[in-house]
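Heads up, there are several structures right after this.
Each of the next two complexes has chain A plus one other chain: chain B in the first, chain C in the second.
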Partner chain A sequence: MSTQNQHKIIGKSECRVDAWGKVTGRAKFAEDYNVGHQLWGKVLRAKHPHAKILKIDTSKAEKVAGVEAVLTAKDIPGSKVFGIVVSNQAILAEDKVRYLGDGVALIAAKTEEIADEALSLIEVEYEPLLVVTDPEEAMNPETIKIHGDDNTFVHHKVRKGDVDKGFAEANFILEKKFKTQFVEHSYIEPEAVLAEPAEQGGVRVTGSVQNLFSTRRSTAAALNLPLNKVQIIQATLGGSFGGKDEAMTSMCIRAALLCLKTCKPVKMVNTREESMLESYKRHPYTLYYKWGVKNDGTITAMEIRIIADGGAYASMSPFVTWRSVVQATGPYYCDNVKTDIYAVYTNNNYTGAMRGFGSPQVNFAIESMMDILAEKVGKDPLEIRLQNGFERGAITATGQNLEHNVSLKEVLQKATAEINFQEKWKKYRSEPNTQKKRGIGLACSYRGVSLGAEGTDAVGTIISVQTDGSVIVSSGITDMGQGAQTQMSQIAAEVLGISMDRIQFLNTNTSRVPDSGPTVASRGTIMGGSAAKKAAEIVQATLLTTASEMTGLDVQSLELKDNYLIDIESGQRLASFNELAAECFKKGRPTYGFGWHKSPKTSWDEDHGQGEAYFTWVYGANIAEVEVDTETGKVDVLNFVSCHDVGKAINRGAVLGQIYGGVAMGLGYGLLEEFEIENGIPKQLNFDEYSLPTSMDVPKIKAIVVENEDALGPFGAKSIGEPANELAAPAIINAIYNATGKRIYELPANLERVLLGHKLVRPKERGSVLKEKDIQAAMHRAVYELLPDGTFYAEIPGLQGVYANAKSLEECREQLQEVLEKEVA
Partner chain B sequence: MKKIKISTTINSKKYYLDINPNVTLLDLLRDELGLTGTKRGCEIGECGACTVLINGEAVNSCLVLAPQIDGKELLTVEGLMAEGKLHPLQQSFMDHDAVQCGFCTPGMLMSSKALLDENPNPAEEEIRTAISGNLCRCTGYVQIVEAIGKVNK
Partner chain C sequence: MKPFEYISTKSINEATQVLSEYKQDARVLAGGTDVLIELRRPHAKIPKAILDISYIESLNGISESDGLIILKPLSTHTQILKSDLVRKYAQLLGIAASQIGAPQIRNRGTVGGNVMNAATCADTVPPLIALDAEITLRSNGGSRTMKLVDFFIKPYKTKAESDDVLIEITFPKLPSNAQSAFIKLGRRNALSISRLSVAAILMQDKKGLISEARIVPGAALPTWMRVKEAEEMLIGEKPSLKLFTAAGQKVSEVMISYTGRRWSTEYKEPVIGVLVRRALEGCVKD
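Right, the complex of A and B next:
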């Protein structure tokens, strides 16, 4: 039952609490923080994507005037590695570099220019190793190992029923392979921190950090300090989308190391190039889908095998792939399921959390399969989804009974009705071939809310009413632009019966709020909001008790509304909120509430891949209408419908904003964006080469907000951040098929894939992966010799004319490679 | 390096500056004048976060050398408010939920101010063209386009 009409603040498009600061330029982002005598911190990064470090000589850099510290791994007092699940990410590489973004040494200097000069004087000797770039090749036991003795570091599975039996029952088998790409988060604000020595020892770091508590844990471990001596403060965050987690942890630790070494404030700011080179990306997946299907469209078996490129470090891969394995079948009935997902190390950029967190990849495969199935059995995309889609009481692939309001069919029906989907779909597929062809595509999904059985899920929010009736709120949930502070403020204002202008929200500070876990998994509103509601209710109880004493009326007959204390029966204003707050102070009562919310129980059996994975789920459906230029391969998205059940929209404008932004990012994923890495070397390091959707690319978007309130969310609210982003790509791909009859199996659907059906390979002279591998292999066979005159000589046995002679080993190696490359070309 | 003397007006305030000739306008604003509302996003003129107005024209301040502003009149996001009141564009961005992380916001405001000063009632396509050099990763541009379109309505 909707309670919308009773609410004063919930459900309205209240202005964001942080909007004023952001439109006036007052908002302080991390790079905007400066203090006197600050030093500039800079990182020397790897020269090879995979190499042993033989020697690091910092002596020349140390002699540069203005340089105050030069650090390498040996200067780290505590843990030299960090990582949420697998602790193996080097703060600074010591014996080996594993991707081009690895840090090798740090400099703190008076100016950025001096730091840059000093960086160029650090000499590092490497012994290059074979570079592993293909995740399936990485799984081969013969392949060189990047960590330990196995490149495969995650294997999650789901087992339900018996797939052999399911395939035997099928009339036919659908078997397809899909591939997705590396994607850059592309937060417009590059990473930045300011680390300052703390008065009582330790360090205070202000930065563009998404997950402050995990960053604090790793920083404290690296510095050998207790948690209370490491204070991490969130600056206003210029976008994150899952990206300012480990990328910021390493920057915080490095700045803190330099700060404690020099006892001076140290500022570090990444250029865009440094940011794109070092930061982690969304995982590329290779997905093998095999479905057993009956002639009527019933799915009898799903066998799914997925390989995720984890890159150089484990990062969030174990969790990202876990969400994928849970959601890999989509919201469709199937009694026999066998899913396996692997994450493997390569020498590519490591991969981790990005908005969607393992769902955009599987949704692309599932929703493509669904359309392929529809075509095979002669149904339309809506019919096939309505036939196979979950309803209340469905048992998922992991054995979870969906007992809440399963609104999959509702969102499908609302989205398709909005744009006349079925009629257009039939019309477009039968239109004659012309240069410009239109098409329409549908995709839907279910998504587990919050962390699920991935980990501890609890949040603290603090509300403090001041003696004049103004209010301060803070939380362990961070705002990175999604509007968490505003949602929590609205919930507090609703419960306290006050207007939003009374609320001041403090940015998160690890020393002032309890560890609330990371702000990820679209858990901000449902978890932070629930904690805010509890905190507000504690304060409300104190206020009403005091009011009852003040007025002699029963607590039950009083309410807080419109900044006043009201007698419910007469509607009469008995006192202002300010007077009530002042009265509490006079009576010595705390108008302070600490709300702690722990999520309901979830469960997971890793051996059998079964469990109650998430405590509740959300449902969404997206439709894209496109126009394809069949002579150039260009795809224009003309119209878009995005329908999501959010439980309850706390802030309508913010929910719409999440949907529009999610669609735009999904459009980039489907059509434009690809972070290419060739033989360990990234090809795009700034926005001139990495294309983001601009205002000219994003179509008209119709957002439909469905509100089936969920008893487990504050005022019924669930989530929208990630659901909004996970469906646009498959909707577009299905629309391209509807227009052209060509199916795209690899993202993104850029000009060449749409026109030619495959990606264009770069010209040979730029170095294809194969040739690069041959060169690497040959370089591995090189023999070096120290000549009597102190210079180095190198040759490759068996390759006549390929030799080099230089003053240093490193120079000699470089020359040799140049000669070899010329020879091969 | 020999410094260059310039005079310029920024947000209606006259400045007499002694600057290094290799300093970009973006660095001058942020690092020397403390006007950090103008943002650094890519430093190659792609993202538009550093957009300011020079004699009313929207430019990427990362691509302008500071000496080029000699004798010119600049407006940055800090200069949009007048007599303690928000500029109608700022108010419209707040009213239409056009702000999320806010990092692109100053640049968006400056590009749209240049547009509205020339063309007070632009069509949607004109708005989209005017802000096509300003990247936003949060909003999908929808509410920004709405906010700009409604300023003078």
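Right, the complex of A and C next:
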């Protein structure tokens, strides 16, 4: 019944349209753009995570030879803040700084070295304020406010049935707390832009930008320019993972400000340290899950309370947490649900969009809870999920009726069968305690496709057939490495009956394609692809009409295939695609198609937390098989199965690539990655200390692609980018439990958490009052030294074993004092 | 980055000459896996001159002579891990070299750089100390040789003067009745900085009793040393799990006696013992 065999290009692992450029080094990333007379732009960042700015003196910096502009917030002609949902993110801090990545002043100079020197001459007077780093503390009415009069800036809820009634019906209650960490996107290319004065006034910015249209809106508002005078051009992106939104918007605005001030091109490139210091992260969540359960494993009530650390600015928190609130119960039947999620301001790095967008956090909690439940009622992880999992016609927690093919059980069954899950799970849990123990874990999810009721969801794609039969495609959807341009090209090629080598895809330029919203939420293929299909169909109709006139044959008897016009009945080639294109030109027919696709209707009632949240959903299941070193806490992932229903794989290779990459990234989330911020100061600013998984840590991954074509996607396609990333961590955590019988409630499951059950934290308590004097006296004798690796070393002469080594002097001093206190004790 | 002078030389004499002239203002470059990173750090202290010694051919190579292995300082980790001499007479050193960084770093990074940089997590140092290595430094004033174990003062601080060039590392070949092991614990399986490590060598007599034992933990103590208290427990004993476990516990106790109880002790205390036990077990495998 599948239409698979009819497709020429859809479903094939066609070569990516960007592959040659990237593997031969011809691809131009933002940093590769240089023009004559360009200046270097640099940012002076905050000295304190939370402080009032009393005075900024730029006079010395201005006098440095080669400095062409020094700007502060007062020099911004238009809006001094930006933000898609809540406009409060400072382009440059004006009255106060709210986290260490805040920009305070800008410099444009002839060289980077001059800019650096001038930066060091800007004098800023601060009045430090209390630093708020714990989101639950931030919610306390007594706590100092970071913006306005409330640190809690988002509260989404879902209400279904009556949880009190549900808990009363339960045989027992499961109540657990989970915590997740800050995570860095780790795009390989740090932020970079080149801003140039445009000929007709205004500015043209070429950059490593993910969401060009929102960047344009904010840049235009800051510059007081109409949208048509601000052109944002996408350079080839070296990765984004949701990370090149606000981080790039602020860089674009800053470069544009300097550019308009100096009337010269301005280039800005972040170092990795600047990038990690300033950029936003994935939200840490604190999740309180309380389930009412019957002895047979039925869930009677779910009460969920989640606090998301929004950091210094609102960014995408309102949308990220909205996805979380919609998906917080997982794909499981439950009549009584009460979910509340809050996002709060702190003086940590702000948090925003990152691959998964609010799902990796809740999936960790949900899928851990599911395994806890299974254990309680004596079932295995598969049985409990099959018992409670959604089927077609299920009503979700938000009251949405799932009328499409709900393939949750299909993906669960295919994944578990692949690796013999149940048998292994039973075997591993009963094995005796040894140094190395194996375990296997399962996790599944459902995920709303595209933006959902978050906002307007529409995309434009343009296809233009040239007179020689070559084709140009462009779209408002950005390719950041995920392959959007390839999917859209394949769809265009399929409809036009041409080979992929005829297509040239242009990088997105805000002045040449209509505002298509952001490239987020795994909407590139389903939305951009649908628009591409419509555009191609418009051109196809023109071509076939012209062909009909040319041949005298009926349109219905003609088709475009393999670069030719074909007579369907005889299979005879009537003309080449090139000849047909030339004929259209001769006849004055436009071979230009503009496709606009608007998503089907969704709905949301914010007061009751009910609605048709997303127009369709995808389903996935992951299985991790691990080996735990029970004496050191080291976890190795040995095998992995990742099964996803993608609707239809437009490019099979690209789907596999998304699955492999998603698992690797999820493995980092589960085991290794943690962007630590202590008292508002980030501890890891480069990849020597922020541990990403290497190829030696990623196991063999078996990807299973399930294709239940969806009526709402182009050729049945849905999405895979984020689903691929949102399940690996809970599968690994469940596998660790299967191996050790110890459950990890906080991510990542690093050496210490697996061995000791908790993270190592520096104790906060200080020595007793009596000893305080001795300690202070000894601390006065401490000798500090800056080591060549940039860290500080301290020791107290005469006291053996009392030494410390840390990244900052302050940290080093604190560490030394702790060691000393222990020594004295 | 501020500009600096780049000086490259092919002779040891010229190198010491340059260093005696620049003293602390020069930084020696061998493989560059530490120096380049330091230079690029924000607010890095940029030296006046970088002295590139990587073209001095006489400082490269692994050879044997009179029962000694002569390890020239420019030998890369890759050279060490591929060396037949190392495999035969100093297996633990080859294991350590093979676990440093990733292939690119192993191809560039040198053993001399690892020693001279003296980072707490330097992976070739514990094996070299267990092998009883000596080093020879040369300056304009002449050469001097010392035990490697005596060379280190504290992390990143050695007894080398600013005009010293490391010209040789030597150690006796391990006899045929010796077995050795190196165990490294990192957070991931490559490009990983040692959280803890242990180098161990055991020799057994004909009756199977332990006649000599050497244990050197890495990233555990303020500076590297053999843990004599644990080594002595093993002498004259028959290898057993109980014995090795006890030796591990002893190393753990000794570690705490030097470092005091720190916030990381809760983890390191049990784990260093485990790694010592495993390293010793690795020395009696056949």
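Here is the rule we use: the second predicted complex is superposed on the first by the 760 of 825 C-alpha atoms of A that agree within 3 Å, B and C clash if a C-alpha of one lies under 4 Å from a C-alpha of the other, contacts with A are read in each partner's own complex, and residues count from 1 in each chain.
Quick note on the criterion: a contact is a pair of C-beta atoms (placed from the backbone, for glycine too) under 8 Å apart; a residue touches a chain by one contact, two chains touch by 3 or more.
Every value quoted in this text rests on a predicted model; they were computed, and no experiment measured them.
Colleague: Can A:696 be said to touch chain B (first), chain C (second), both, or neither?
Modeller: Once the two structures are laid over each other on A, A:696 reaches both partners.
Colleague: Could you tell me if A:752 is touching chain B, chain C, both of them or neither one (first, second, both, neither)?
Modeller: Second partner only.
Colleague: Between chain B (first) and chain C (second), which, if any, makes contact with A:793: first, second, both or neither?
Modeller: After superposing on A, A:793 lies in contact with chain C but is clear of chain B.
Colleague: Just to be sure I read the superposition right, which of the two partners does A:500 touch: chain B = first, chain C = second, or both, or neither?
Modeller: neither
Colleague: After lining up the shared chain so the two structures overlap, which partner does A:337 touch, if you call chain B first and chain C second: first, second, both or neither?
Modeller: neither
Colleague: Counting only touches as set out at the top, which of chain B and chain C does A:27 meet: first, second, both, neither?
Modeller: Touch status of A:27: first partner only.
Colleague: Regarding the shared-chain residue A:271, is it in contact with chain B (first), chain C (second), both, or neither?
Modeller: Both chain B and chain C are touched by A:271.
Colleague: Between chain B and chain C, point out the one touching more chain A residues.
Modeller: It is B that touches the greater number of chain A residues.
Colleague: Could you say whether A:688 touches chain B, chain C, both of them, or neither, answering first, second, both or neither?
Modeller: both
Colleague: Tell me the contact category for A:631 with respect to chain B and chain C: first, second, both or neither.
Modeller: A:631 contacts chain C only, not chain B.
Colleague: Which chain A residues are contacted by chain C in one complex and by chain B in the other?
Modeller: Shared contact residues on chain A: 271, 688, 693-696.
Colleague: Under the definition above, what is the set of chain A residues touching chain B in their complex?
Modeller: Within the complex, chain A touches chain B at residues 13, 15-16, 18-29, 31-32, 185-190, 236-241, 271-272, 480-483, 653-654, 656-657, 659-665, 686-688, 692-696, 698, 701.
Colleague: Which residues of chain B touch chain A in their complex?
Modeller: Result: residues 30, 35-44, 46-47, 49, 76-78, 80-81, 86, 90, 93-97, 99-106, 109, 127-129, 131-145 of chain B touch chain A.
Colleague: In the complex, go through chain C and note every residue touching chain A.
Modeller: 1-2, 34, 37-38, 41-45, 102, 117, 119-120, 154-156, 185, 187-193, 195, 222, 257-264, 266-267, 270-271, 274-275
Colleague: Going by the contact rule at the top, pick out the chain A residues touching chain C in the complex.
Modeller: Interface residues on chain A, with respect to chain C: 113, 271, 273, 631-634, 636, 672, 688, 691, 693-697, 750-752, 755-756, 760-763, 786-790, 793, 795, 800-803, 805, 815, 818-819, 822-823.
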